[in-house]
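Here come two complexes built around chain A, the first alongside chain B, the second alongside chain C.
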Partner chain A sequence: MTAPPLAVLRDTGRNRWANWHENFEQRLHKLYDVWNAEPNRSTLAGYNGTTRRLQQLLQEALDTGRSVRALGGGWSFTPVAATDGILLNTRPLNYRFPIAGDQVHPGFRGTGPLFFVQCGMSIAELNTYLASKNLALPTSGASNGQTIAGALSTGTHGAALTVGSIPEYVVALHVITGPGRSVWLERQSYPAVADALAGYVQADLVRDDELFDAAVVAFGSMGIIHGVVLEVTPLFRLNAWRKRVPLDDALWGRIERNDYAGNTLPGAGGRMPHHLQFVINPFDQGGGAFCTVMYREATCPAGSKPAEPFAKVAQGDGALELIGLLTDVAGDLTDDLAKLLTKLGYKEYDNRCGTPGQIFKDTTTRGHAASAAMGVPLDRAREATALAVRAVQQAKAPALVALRFVKASPATLAFTRYAPVTCVLEVDGPESARVRQAYRAAWNALDAAGIPYTFHWGKLNNLDRTSVRFANRYGSAVQHWMDARARLLPTPELRRLFANAFTDHLDLSD
Partner chain B sequence: MPEFSSLPTIITLLIALSVASERVVEMIKGLFWRQLNERQEDPGREARRRVWLHVLGALAGVGVSALAWPVVVEVVPGDTSWLTVVALGLLASGGSGFWNTILTYVLNIKELKKTDVEQARGAAGAARPLPQPTDGVLSPGH
Partner chain C sequence: MPPTRAPSSRRLPRGRRLRTGVVLPLAVLAAGCFQYRAHPPNVAPATEVQGEVVWSFAWGLAQEQPNIANCNDQALAEVTVQDNLAFSLLTVVTLGIVSPKRIEWKCAVAPACEGELRPDSTTVPLP
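Take a look at the complex of A and B:
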């Protein structure tokens, strides 16, 4: 048997790396760009050659006592994916393999077609690729720059009420767990592909719900996720509306009951929302919150207009940075600048329609942005929102408070863990002292009120190993996750290989 | 709201206004108010001389900014009014040396940002065009 063509590791010569939102910089030993040997043709041999080369690199890292992390899209606001050891830019790894009908497991209970894609494929790339086949991802985040493996590993979510977050449609993982082993991981309760496929990628087949649920949100600490199998859906359209609506008792009642039957949300017309989000400007609530609501349709309704970008100013825009600087110097400007922020980024629109890829457009801008997101149970969402709004007002922070609603995830450390739907409470703004002050105040207020909440793994937080915010929120799930990690990475050396400062900080490294 | 990228242009305008207003102050001092050129021994008189120099500098700055109105409306983003002229005049009275230093800082920051952006984008794989591989078949021999 001929050896597979090995991937090319290109040493970038860089010893520091900044995330996309430029709110931290990581010093590191090496940053490699990883390229498949045959980048323009998806081949099983090429895929296996990349696995082999990555395993060689892992051996080198073990020999020199360095840790290894795959970078993904660099989208996270926290150094969750970073390491001071070897960082791998896996973005060029974008092989794609449709799973043929006879390669699907006979016990597969899903309905959607399956695709095996390599870790570096971005959400934007997947949207385009799948749309060309009249297919779509069931959901994604609001921006599209993440890689599929990175978005998966941090539990990235959109605002899909009935779908959940990205881990919900990943049905198999190919994880490189060390120099001599890789694992094809599926749920026992939801087998996806025929047993033979694990052999094709030279991996050990493991079907285990607990292991899968732990590995699916592990922020890169359980090995390198080299490939994932996605269960996709026929291409659909999102009929989108954004209007200011009063967040009154009636609407809060619906939110708390998760009951949208007969709702009067913008454009509803008897339809149930697929995507629901509210954005509150703490300094201008008179006109209500900006409600973005999208209804899933097979085709665009007659009379609808073509899609516009979800937000014209995304986190990372230069305008955000300037607003942060100005309000740090002169807090009295905050009121006006927060209004400007909403004016720039949240224009009202009605009856827009497009595919998910057309609605959630490219985010190309960047800058010093800050974002924190907390998962809150629905029955405490109203109280938590009021506290977050007050914290922003008191800090005179130029920040907006957003609410999104995401179906709870079974992933062990998913931050969207509150069933049936988790309210994701976000506070977004420029990276500035006032915004940080608002975060601290909001977190303290939530603690003082006894509101349970979790943190988005890829966004700003103040978790640490002793923090009640961590242990109390996840309870025994933390130990289950650690046990699963120890099963996948059976030696201390392997666990150290995929640890980083973030996992050390949370006492999750061993 | 000026973007960071437009700051060097605005600062360059301020340097030009500063140089022009300095010339105006020099002319006034030389032609009409020679005492202002001479340092005073008495601390009180020296303090008053300095105050007058500042006032003269500010007035010259405002005057020069007003004369440069057609340029000001081109360079300063957003709505401009007489307040813009006053503000620019006061800023210009800071002196061309001061604004030169600020411009150097701003250009250095811009360069650093550019490097950072290129570095991060390079790391994100955008430095080289990403491959667009054809679909593969997940079976041996492919």
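Take a look at the complex of A and C:
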């Protein structure tokens, strides 16, 4: 009998951390890389050893009054995952365990195979791993660099009309809630694995819909999500088109009714879209919006071309910073640079086909970017889009306005909360004064028009302790979420341990 | 939404022209930094970026190597080489006798094999 091999915590020696998009920098006490003791081989003993080491660290943090946050891909544009205390880089934690048939709960109502994966596993790794088994994630974001726990915790979404966001296919969480406890959390209404598995990871088994729905989108403030169980789907292909189409009355009618029967979107041929996105260049709408539409198929249709090939020349790392700088100094350049942005990022194509991992590849956007995303009910999406476009035009901001459509999520603080489908209205551009000005103008215009909207937790917003509780945002859901947090973290010290400036700002810390 | 075109003026006012003509090139020079990145597709980085400035001497007769000690025996996911105006000038002024570059890297995640979620009889429960 031997003790579980403890994880290795490597002190990076840093006291500052910047997010992927480099639009903020966080001062911190320590940044540790967390490595499993046996990183090349997924073992239950190794997993439990990592739990144990993280719990030791939590005790040290409690003793010294520091907060602790688990860091995923670092893709958020807000310091939602950051802390001035101890930041744990969880990306090296990528164990994976298939759930065997005899380990599935007898009451499991799903159809997909189940996998237990460690928090740091990236969407790219998951795509590759699952494809090797002829399986796939039901949906992901538009790129693949997020970790599964990080993407989950901020409610990251793609543009899948009937699937929803990442929390939709997470059916169990293993959450380390303090130095002496971890919890295996599932929905009572959707049990996933046999009771014994919670014991294997030395966690308390809790089946509770309210707790699960609260914890699944909690941006790291309910403990360290160490592992998740995913319900995956047979491998499918996406048959993709990107063409400019007019966003006319007929198309807006379909969007508002969420009715795509008999649609004439590029490549439809009688098919219903699986993924639908429009990108508008506010300075060049004559040719219509860039419509990216994908149809889900079991195999690639005859005559389709492989997913976009390797591009020798891509957007430079400094491109966004340069565009932001140029347009801040000379706003008259915005028209041309916005066109350049669309040329770089939204090339038209037709009839491409590939697995999700082949379609949603490595991001090419690096450095000094800004992004804001608002969830809007479908019946107000047209009005909201017009206001966002106008705000960008008036600020002469080099930004693009994108529309995606995501099935509403039952997670307590999901920003995709408007049923049946939430329109995600996104304004993306370089981190610059003009883009920030456009954001402020768009939010003021939405408020003035009385349009209900939510904010993506990982993107730029102007939320404060009052506005997050507005009835047309989260209303009473905020209190439900805080009650759930108090149940998982029953003492003020534990709630403080996983709080940060972001939760303090929104008065969500206690 | 009916297509609209934002108001745009091709003829810049005098103040703007001055700003564009003088401030802009200075700003671009200040920000200027060339970067070259090598990374295989779909390989997830495990760590934050680490880096150091390395020097090459006497046209390559001797060179510094970056000290990559943070990867926990794993491979690299990404390597970036950065150049900037000062590095380039130094290389030109010294006729290549010294030539600095900044090298940055991110470690790759371990290629973890899948495991079985079963109790290991050799492992004791956590205290």
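The rule is simple: the second predicted complex is superposed on the first by the 493 of 510 C-alpha atoms of A that agree within 3 Å, B and C clash if a C-alpha of one lies under 4 Å from a C-alpha of the other, contacts with A are read in each partner's own complex, and residues count from 1 in each chain.
Just so it is clear, a contact is a pair of C-beta atoms (placed from the backbone, for glycine too) under 8 Å apart; a residue touches a chain by one contact, two chains touch by 3 or more.
What you see is a predicted model, and the numbers here were worked out from it, not measured in a lab.
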item: When chain B and chain C are modelled together on chain A, clash or fit; value: clash
item: Comparing the two partners chain B and chain C, which touches a greater set of residues in chain A; value: C
item: Contacts of A:19 with chain B and chain C, given as first, second, both or neither; value: first
item: Partner chain in contact with A:386 - chain B first, chain C second, else both or neither; value: second
item: Partner chain(s) touched by A:124 [first = chain B, second = chain C, both, neither]; value: second
item: Partner chain in contact with A:504 - chain B first, chain C second, else both or neither; value: neither
item: First (chain B), second (chain C), both or neither touched by A:4; value: second
item: Which of chain B and chain C A:285 touches, first, second, both or neither; value: second
item: Contacts of A:39 with chain B and chain C, given as first, second, both or neither; value: both
item: Doubly contacted residues of chain A, that is, touched by chain B and again by chain C; value: 12, 14, 17, 31, 33, 35-36, 39-45, 74, 89, 91-92, 94-100, 103, 116, 120, 125, 145, 197, 200, 318, 321-322
item: Residue ranges of chain A touching chain C (in the complex, touch as defined); value: 1-4, 8, 10, 12, 14, 17, 31, 33, 35-36, 39-45, 48, 51-52, 74, 89, 91-92, 94-100, 103, 116, 120, 122, 124-125, 127-129, 144-145, 197, 200, 202, 246-247, 252, 280, 282-286, 288, 310, 316-318, 321-322, 325-326, 329-330, 332-333, 335, 357, 361-362, 382, 385-386, 389, 393, 396
item: Residue ranges of chain B in contact with chain A within the complex; value: 1-5, 116-117, 119-120, 122-125, 128, 130-142
item: Touching residues on chain C, where the partner in the complex is chain A; value: 1, 3-10, 12, 16, 19-20, 23-24, 27-28, 31-33, 35, 37, 39, 41-48, 50, 70, 72, 74, 107, 109-120, 122-126
item: Footprint of chain B on chain A - complex, ascending; value: 12, 14, 16-20, 22, 31, 33, 35-36, 38-47, 71, 73-74, 87, 89, 91-92, 94-100, 103, 116, 120, 125, 145, 197, 200, 318-319, 321-323, 340, 366
